[in-house]
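One chain, chain A, links the two complexes that follow: it is found with chain B in the first and with chain C in the second.
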Partner chain A sequence: MTTTAPADDITGDMVEPATVKRGRPGRMLIGLGVGIAVLLVGLAVPYVVTDTYRMSLLLDATILSMLALGIGFMARHLGMISLGHGAFFGTAAYAVGVAITNWGWSPLNAVIFAILLGSALALVMGVLVVRASGFGFLMLTLALSQALYQLSVQISAREWTGAYDGKLITYEPDMTFLGLTQADLINPGLFWPFAWSALVVSGIVLWVVGRSKFGTTLEGIRENEERMRFSGYNTFLPRLIAFVLSGSVASLGGALFAMNAGYISPQILGFTQAGDSLIAALIGGFGIILGPVIGTFLFVYAQANFNFGGNLHLLTGLLLIVVLVFMPGGITGTLQKVYRRIRGKDRQVSDERGRSGRDIASDRADASELRAENEQ
Partner chain B sequence: MSIFEGRGLTVKYGAVVALDNIDISLEPGLVHGVIGPNGAGKSTFIDALSGRKRPSSGKVLLDGSDITRRSARWRRTKGVSRSFQRTSVFGSMTVGEQLEMVARKNDEPDLEGIMKTLGLDEIRDRVCSEIAYGTQRSVDLAIALIGQPRVVLLDEPCAGLVADESVRMLDHVRTVCKERNVAALLVEHDVEGVFRTCDVITVLDLGKLLATGDPASVRADENVIRAYLGSAA
Partner chain C sequence: MNAAQVLNGLALGSLLMVLSSGLAMIYGLRGVANFAHGALYMSGAYIAYSVSDRMGFGLAIIVVPLALAVIGVVLELAFFRPLQHRSHIELGLITFGLALIAERLVILIWGEKTLRVRPPEFLQGTSTIFGVEYPSYRLAIIVIALVMAAALILWLRLSNVGLHIRAASQDIETAAIMGINVDKVSLIVVSLGSALAGLAGTLAAPYIALDPGMGNAFLITVLIVVVVGGIGSIAGAMIAGMGLGLIQTLSTVWSPSFAVLVPYLALTIVLLWRPTGLAGKRIS
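Up next is the complex of A and B:
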């Protein structure tokens, strides 16, 4: 970056500057096509993975991916690392629990209410925190989510949240959620289509937003907030909108989590939840929209398989150090680099073959190559 | 009436008076140079005029109305733009993308014309952080010129440029100012460049106004010679 970066901008170390490409509708259509194909193929997963335990891991990863997706969106487009998205996820989960258990709402209404409440919280919190950048933003989001956690475990909140006991969701008899009974909801294979569709649709929405003109504005703010202001742009509102949008995605994840689990542990609002999701997103990489999702799937898989002797956090920590030191762009970032290197070599070979003094043409080719590379 | 004025601008950093009661007025189509040795308050001056730094006292007027407390964004939408001494561009974006982005906010009928004038049309697809420093300075200038601003405040556009790049940059500034009838303020270190380029010159020293007028009279001014040019020439 040639721009004047704020001195407290720690995010620069964690986020590789990503060039987000937009514009050409052709690419957009291809992307949408791929998204729909992924959606359809994914729906077949319960027929392939028949083992309930494996299926429940995949479902957990899918739901947690929405949290990571929200965190990743802020990191990718604004370079802002949030520890507050766990609060939206958790608030939405509790909202589902309270609406169904305390108020006797139908599950569908409860889910809609939960997403709205989570988004509203993101709006209020966003007004307070999105002006901060780098470290300030990180700490403020952490503080606010910790405050919320403390509120949720107060004795006086027991009626709503169950305090330290957690919240067991109990339904009115014969309630169904989009055709699923309470017993069906807990079945990972039957709940899968909802979680998977929600994840893919959220991913597509965030991807499209990222490539829109609004996405360019966000990139401009990420790269040089001051110059954006001096170019006539409001830099507060776009950051707030991005924060609320990513918070809504996290809320959707939280609501689905509560529907599937039927029980909410207070840990959901705790630091560990938000931290784990951020770590998963970092390991996956922020450079492309899939990064946090891949990171979350790996994280959930590793958590389930390497949790021996209570050393899970030690292993997590080691892995994080390895990734940050040797793969600064995360797993997806490193794959992209490898891919570019291979393509780079191809180009050199073909350059040598075709060297015939057409400098201008090859310059142009270089420019378009550069552009193409940045589109990855 | 001048289009853009600073009246009695004073900026204090604690007990230090960085800018002491300075007046300036800009006219459309004229390049107004501001020179002065290091610490003269040139950058503070442009910050105070552009809304980056609120003056301790004094006023900034646009078309005669007080805009001292208006935000940078508001000023830009009303036609007051600025460039930066430390190159301020959008590193990860291509040259074309960032200029289009700025043009989207500030109606610009002739973006191609600006890019051609500044020699940026050839490199529109290059990522900005990968182009030469001198070219980045041109991008910085282009960003300030988009949207037909009526007033352009340029903070050392030639900082870090080699001699011939510097000459070209100042030529561009003058051409654009005349072609588009812009009121330009040019804060610059390169004294000879300023004398060559500007129609009016203001000299600052230690936050005080030393002289103002056309290049010939400023060059002949005793105070200026004593405080500034004398030691250089």
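Up next is the complex of A and C:
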């Protein structure tokens, strides 16, 4: 058991492993190859899943995954847990609605505008919040996004957001979004390629950024902000850039959400939505980029299948507690731990040769596992 | 602006004061923002509904804080103590999960309907104060909250346990080295904090309508109060709570749209101007 008081940051267990092997362009290429393969395989999903209801669930999960991806990026690389990314998602959604319905813009321009507006909001909010860490950050993001929710439901905002009624997006029948009419947009099978490509490309971008030198700087800040500052690094700007980047991904998700749904409920900015997407990301795990995505797919699946009498939150609450208490790395983190333990045993038996870079990396992971065990 | 509006502000401020002082105490000691505090407040209000239905409101005001104190003991023993070496954020998110569960349990037990609690007979009328007729019950809220706040501050300042709580809030490790039983102090603080949330819920029950969303609606405001007041500072939280209640109520008269934004504006301004909150402990 360590003697130092627990910091406000999340523990290594939640973001393990950060043992990224950099300086290996080969791995980067393999990663990109895998990403493109996933993209192509995913495009075939509408041909396999012919049931519209299942398809719409998959589409919802894909779009919401972009929100979780943004939250996960901040958590993984900076250890900052955000309850405010729903604000960017929701703002982008409303921006699409306002640009198309109130201003008569073409859908494509509206989507671009929405992403820019969401990112601009992330910039403004980021300036206010990224200096805080731990709970300060959590509460500031929560408070500012809730302020936005309160604004959106004001009677005076009715013209723009529809207040509590929500916003119905209506446009000229001849307008199309990348070749899709409004009727096509609501069809999950036809909209799927856009959502899926957006998710995979965002994922690849965040993954590449995370492995770049910039990603290393972020992890340095996560581990010890003060030391990075004393070493001559600007620690504010990287955090701000990361925040805006993750906000842009969430905005992209929000814009696509609005295009597909055609209707925006004010709940999109609410406390429950913010909590749900964070919980989904947490349950999936922050350790790898896929974690929050897997969490979101599971969450959407659970929402559709286990919501007996509206008791979903009873289950998610329980699951959240179980995951945090017993498997701090989330589902993916636990799987990785199991995998590493199995592989670790194999290695002990088969070879005891020199320590390569990879061994040092997994040693670090082992050490943190030991620490986790000691702490229990 | 007249005296009645000022009194309304004081009544809302009183509730915020009671609620946020409990949250600030737990935060100061355990370093955990208790997201379940809104749920505790809501449970308090609902239990008060059931108790006052059967045995009268007078009893509810004693029974409910005691019941919530027991819940606080469970919280401390089941979560805060065994997990004290985990990061604060993780523990905070666990309380978030607890809040979700509690909210659903309240709906399962009491239903989703809006419920009303009647104040005791002798407080149902109005009293004349500062030249206005004002509901007696709201005056009672203000008086009870102020008395409670004064008692809490005096207890923290003058008693031995209060000294230990202040020491442990400053630096829990050093306090433990100095021979303070930190576990005992923490048990007292968490159960007292929960009891205060229960008291706030009971006081609020006849004042506002009970619905399952009441906890979340208040939680965000109370978290803001604690941050504005300076994390861990009980007096700071009390002053910020009262101040926010007054400003919000008075600005409602001027512009209701603006009033709902007051807490968020206050938070942003305070954090830009004094990043550590009004009472100045570091936010981290």
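The definition used in the following text is that the second predicted complex is superposed on the first by the 331 of 376 C-alpha atoms of A that agree within 3 Å, B and C clash if a C-alpha of one lies under 4 Å from a C-alpha of the other, contacts with A are read in each partner's own complex, and residues count from 1 in each chain.
Note that a contact is a pair of C-beta atoms (placed from the backbone, for glycine too) under 8 Å apart; a residue touches a chain by one contact, two chains touch by 3 or more.
Nothing here was measured: the structure is a model prediction, and the numbers come from that model.
In the superposition on chain A, no contact is made by A:Gly90 with either chain B or chain C. Judged by the number of chain A residues each one touches, C leads among chain B and chain C. In the superposition on chain A, contact is made by A:Leu128 with chain C only, not with chain B.
By the touch criterion defined above, A:Gly247 reaches neither chain B nor chain C.
Once the two complexes are overlaid on the shared chain, A:Pro107 sits clear of chain B and of chain C alike. Once chain A of one complex is fitted onto chain A of the other, the partner contacts of A:Lys213 are limited to chain B, with no touch recorded for chain C. Applying the stated contact rule after C-alpha superposition, one finds that A:Leu324 touches chain C and leaves chain B untouched.
Of the two partner chains, chain B is the only one touched by A:Asn224; chain C is not.
In the superposition on chain A, A:Gly284 makes contact with neither chain B nor chain C.
Taken together, the two complexes place residues 1-3 of chain A in contact with chain B and also with chain C. Those residues of chain A that touch chain C in the complex are listed here as 1-3, 5-11, 14, 81, 128, 131-136, 138-140, 142-144, 146-147, 150-151, 154-156, 271-272, 275, 278-279, 282, 310-311, 313-314, 316-321, 324-325, 328, 375.
Against chain B, in their complex, chain A makes its touches with residues 1-4, 17-19, 213, 216-217, 219-220, 222-224, 226-227, 229-234, 367-368, 370-371, 374.
By the touch rule above, chain B contacts chain A in their complex via residues 50, 52, 71-73, 76-77, 81-82, 84, 86-94, 97-98, 101-102, 104-106, 123, 125-130, 133, 136, 143, 146-147. Contacts from chain C toward chain A in the complex involve residues 31, 33, 83-90, 92-94, 96-101, 103-105, 107-108, 172-173, 216, 220, 223-224, 227, 231, 257, 260-261, 263-265, 267-268, 271-272, 275, 283-284.
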